[in-house]
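Each of the next two complexes has chain A plus one other chain: chain B in the first, chain C in the second.
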Partner chain A sequence: MKVVVVKPERCVGCLQCRFACSVAHSVSESQFTAPYETIVSKPRIHIGLTNGKEPFPNKCRHCNPAPCEMACITRAIFRDEATGIVLINPERCINCGMCAMACPFGVIRYHFFVDRRTSAHKCDQCFRRQKEGKIPACVEVCKVGALVFEEYNKDMDKATDQMASLVYLGIREKEHEKSPYPTLLVHKNILQEIKRR
Partner chain B sequence: MNIIIIGASAAGLTCLDTLVRFSPESDITIVSEEPYVPYCRCLLTYYLGGTLKEQQMVIRDTTSYPANTHFLLGERVEKIDTVRKSAVLSSGKEIIYDKLLIAIGSNPVKPKYYDEKKKTFTLRYMDDAKKIEPHLRSRAIVLGGGFVGIKAVAGLTERNIGVTVVIGSRYPLSMIADEETSRFVEKDLKGMGVDIRTGEDIADIKEGNGSLRVSLSSGFELDSDVIIVGKGVKPRLDLAKQAGIKTDMGITVNEFLETSAEGVYAAGDCCQTMDIARNTIWVNAIWPVAIEQGYCAALNMLGAQAPYPGSVGMNSLKTRAFHLIVAGVLKAGEGVSIFEKYMPSTNQFRKLAIRNNVPVGMAFYNNPEDAGVIINLIKKGTPLNVDPAKIVSNELSMMDILKPL
Partner chain C sequence: MSDYKEYSICKDAQLTLKKAQEDGVETAWDRLKKQEPQCGYCELGVSCRICVMGPCRIDPFGEGPQRGVCGADADIIVARNLARMIASGAASHSDHGRDLVEVLYKVGSGKAPGYTIKDPEKLKRIAAEYGVATANLSNEEIAKRLAEAIMEDYGMKKERITFINRAPKQRIELWEKLRVIPRGIDRETSEIMHRTHMGVDNDYVSLLLSAVRNSLSDGYGGSMVGTELSDIIFGTPKPGMSEVNLGVLKEDQVNIMVHGHSPIVSEMIGMAVTDKEMVGLARSKGAAGINLAGLCCTGNELMMRWKIPMAGNHLMTELTIVTGAVESIIVDYQCIMPSLGQVAQCYHTKLYSTSDKAKFPFMEHVEFTPENAKAQAYRIVKESIENFTRRNKAKVYIPDAPVKTMSGFSVEAIVAALGGSLTPLVDAIKAGKIKGAVGVVGCNNPKIKHDYGHVELIKRLIANDILVLTTGCANVAAGKAGLQVPEAKELAGPGLKEICGLLGIPPSLHVGSCVDNSRIVVIACALANAIGVDIDKLPLAAAAPEWYSEKAATIAFYAVSSGIFTVLGVMPPILGSKKITELATSGLNNVLGACFAVEPDPIKAADLIKNHIIDKRKGLGLPV
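Let's turn to the complex of A and B:
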């Protein structure tokens, strides 16, 4: 299974990924007509500037367990078992805002998907394009190698997943002065232990 | 291992899913009082508003579970025997358990004039919504300015029903948000055509020809077809009390969510845990917390010794006019400093409460995108590495907080 890996230190902030993302999620999938569609497709990758004006590409990490998936009250957010991609079914979404509240990375936005109906939007790792054998649009246009499509590497994604699951469970990374709860390390062992069984 | 889960809502179902995932060989029985397929309670107001049909509220497919999972829908657990380790069902059947989860949730608080004959209903279960629905015509009164109340208002306005909200305190959402944030909610609700009466209570309800004549404590009288009560919820403790399990505000649990009886766990609205933002024992009766606790309880049932780190009260309220996300405590107190900023051009408001450089509360009005990042910091107790005044004024993106993580 391949995933999009973000390498923020390489990003120059050209925003080409944003444009390509919008085009890839538009109806016509053409860069010439996409801006003129009735509902203009919005990008699902966000480039923010840090204090030192360094660009930082931010997109859905498809965490496992995914906080948004667990927080979704209508089960509109689900995981595609075969690929592990977290997807949103816009028909079921009621815009309650629970996913935005749960997402520790702040990547969920609310946009129209059909006329006057809003739904949560986030990266679907170009599910549609991948089925056609193409790589995700943002990776295709990235000129500097800040976005790469790589084979899933457990070590690499571990940090994200752990953060997500720990965020989800609310484990504190540093022992709080009076906190009676054990540290992150203890919890990692617990989760591993369960997985091993 | 024989596991019984009492209650098939957020905590119970998450516990079930986690158990099925990590321990497929266990024999699991899940008991629910309600005869319906598991549905989501938070969606009841959308059901009243007509945006969702009953089958759209179903959140689990009971047929997709393995054969050793048994759903007992429409049955009650009458008694738990912690010595014999068994639970007696309403049908008279007795089931032996190794581990048991109490996730029976909470019951709505009923005011003294609560009377279903006078078309006064609470809104907690599917049955309540089904009782309310036939009475909805053109006017309704919602009693209580809490989350259920405001969500019911939002639902009813979708249906073009004129709503009057009767709120006991000075402003709506007084239990979860501060006055300033609530004023924005009040203003925008009024903009939606909702009649808001604060500092009032219902004094008398009279039945007239087809509709109700309701008089408020200030003497004001108005007509309504139905009254929906949203006066908060109370943990259901009867089952635990009768089994000799220790209770306080809710069922008391240790950090592994185990109650005073061995092998009996509690999760969800009925149990009390540490509130991270408040720093005291508290009952956070909300959906995401119930899910966390259900997950954590399942791990502990399997012997993982995973401590539950504590809950944070948080809520998201979205209507046609506004989207509010609140979490933690917002009221200024000892050592808590407040940062806030209102942006009139976009009708956005951000508020952040900080204690010892650690965020403890937030309210983002019409600004949902970055809320999760801050809630993550509240949950983990991570100190801020940036100037909080810049966060509320939206001068810096959340990337500064995210990048070091």
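Let's turn to the complex of A and C:
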């Protein structure tokens, strides 16, 4: 299953993912008309800030097993078997707040979904867009590569290859420099390379 | 491999785009793809970079911040951004106009060798309008005095700019009531920059009214000065035939192109290329001659006056270099993509910037002033001819044969074609042979299929007996589609066809460059005065189907402020404010008698305009 992998060190806090998420979950799917709809669509991705103001894009991880699903007494929260995506049926939601209590990531919010009826809202991994062959809106709009749509294992494979390059960079550097402190030097170069990328 | 048919309707563009890809050249379409999806906050106009308590954004979905750090809400932020857009457009046209005032003054002072007064009759007419005495004075002395009088229009000595008096009485009274009569051309632009500074004007209605005033200081100020003085110095255009598209480039000749907006530089180049000595030099380098062609609005200026052919509009500028057949491009200012120098790195084309105001990467700067323009023009032309020997013949690709087009419809020329007055046009409108008139103007924008917006709209308007006036990039689009020749009357409705046949004119008339939208304003004012009503009562409309620039926003604003319904093909960045959107698309009707519509589909835009013209005809009691 492909998921939205977050690379927090790349996020610049531009909030484009939130904007695109709202548009993708509106009725018209157009940014020009979405703010004018009766029920204005709300974003399902949230940007947290550390004390040092570093941003972190935070969204549903589609856990398996999912604590929110287990806590949902009305079975409003369920898993789509074909894709593995955790979804919410707003008609069944009673706004009891159990899912929010159970969620370890703080990514559930409560909003109107029709006039005067509220439901839990969270990321549906752009279920509707994926059916049309599109990737999630937040990933599409992210210009800095902080959000990537990939299977976790494949992403980890890429990270492994990247690590291999970094290690060899360090080894070559060590041979070249003939440093009395080879281990330290390798470590320093890796850090520099990570920063550069 | 991209599908170039999606990019442009023009054969020359499609074929040259293919070569661009083979040559590894990046174009505006490629760069748009890399930018997409573009910033939604900016597209709705709710991002503010005015001060460094920010940058701030308003969340249009209501969950995030609803005010910037200063406290400005979406209405204030959208209004401030829009006003600054108008100010930039007005500044561009007005600064272009100012350069012509400077040349006129220096012609009068004998300090501008190469420049003359080509239309002394118009000089005297405009001088009279400015209250400048002409009796027993030389043309040079009148030129100097007129230039000085216009300089005052740019300053703060006057209560109102001079050409505003060309508007119908009713319109002037309305503007007086709204307190939007421009007092000075530069003053209004400067005031907008002040008003939009943090902590000055924070009432969106007041901000928009000042933007109206600034746009009028362009339409009846800077742009009108630009047009009228260009006519005085370089001659008032008369109708004649020319050619258009990339096929105007000649495989066996030295191809020199001018690009930008002001005729001050291009006219001098035009003079130098016809010099026998230069032509002789070209022959000695193995070329059959020197071929001058235009791009964008400076091309429109040359085509209007001298029927110099045009190679293309805004989105064709990069592709022109890709032909490999261009020895040099000489640019002045506005709409010159900073990518041009990069594209030219792949070919032998030399690029020259000429204005102190406009310098570009990978361009050689050869500064033009009224004093040295002639000498500099000869220098550049000579270097361009020498560059012919560096042309790689294997890389030359001229994709299509040129198309015939007609140009030169200044107000004076239209009146002359009608037999000396506008009465025949008024009669034709009253009788319903011509249902109305529409200015189709503005740019290209890769967000709209190149030239499709212009061509499809014009075709549908003329088929409905609506006379079209084109300027700027719209002219090249219509010309390439064969809509600007007298034979195009066959595509017009029966009434318009009859009138075009009688007068020997096309159903879509080329009236000039983008400052020459002032010619359309003059015609609208004259029609209103002839019928004895305000402009907003007339069956007129304007359209900018493929607009991209701040200048186009200003033009649209002065059109609506004059009472002309205006349809935009690309969404302006205002939808983040519900109040301003409501005002622009309907509320303004109650204030100015006209409003905006946004419609990217030219077929639907044509219907909107057609219905509007029917409504206006009904209002005047004319047959529909």
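As a convention for this text, the second predicted complex is superposed on the first by the 152 of 197 C-alpha atoms of A that agree within 3 Å, B and C clash if a C-alpha of one lies under 4 Å from a C-alpha of the other, contacts with A are read in each partner's own complex, and residues count from 1 in each chain.
FYI, a residue touches a chain if its C-beta (ideal position, glycine included) is under 8 Å from a C-beta of that chain, and two chains touch if they have at least 3 such contacts.
If you're wondering where the values come from, they're calculated on a predicted model, not measured in any experiment.
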item	value
Partner chain in contact with A:149 - chain B first, chain C second, else both or neither	neither
First, second, both or neither for A:31, with chain B first and chain C second	second
Superposition-derived comparison: chain B or chain C, residues of chain A touched	B
Touching partner for A:70 - first (chain B), second (chain C), both, neither	first
Chain B versus chain C as contact partner of A:105, first or second or both or neither	first
Chain B versus chain C as contact partner of A:78, first or second or both or neither	neither
Partner chain(s) touched by A:141 [first = chain B, second = chain C, both, neither]	second
Contacts of A:48 with chain B and chain C, given as first, second, both or neither	first
Partner chain A, residues of chain B touching it in the complex	14, 22-23, 40, 42-43, 46, 51-52, 56-57, 59, 255, 276, 287-288, 291-292, 295-296, 299, 302, 304-312, 314-318, 323, 325, 327, 368-373, 375-376, 379-382, 386, 396-400, 402-403, 405
Interfacial residue positions of chain A with respect to chain B in the complex	8, 48-51, 56, 58, 65, 67, 70-71, 73-75, 92, 94-98, 100-106, 108-110, 163, 166-173, 176, 179-182, 187, 190-191, 193-194, 197
Chain C residues touching chain A - in the complex, by the definition given at the top	37, 39-41, 43-44, 57, 59-64, 571, 575-576, 578
Sites on chain A touched by chain C in the complex	14-16, 18-20, 22-23, 31-32, 34-36, 40-43, 140-141
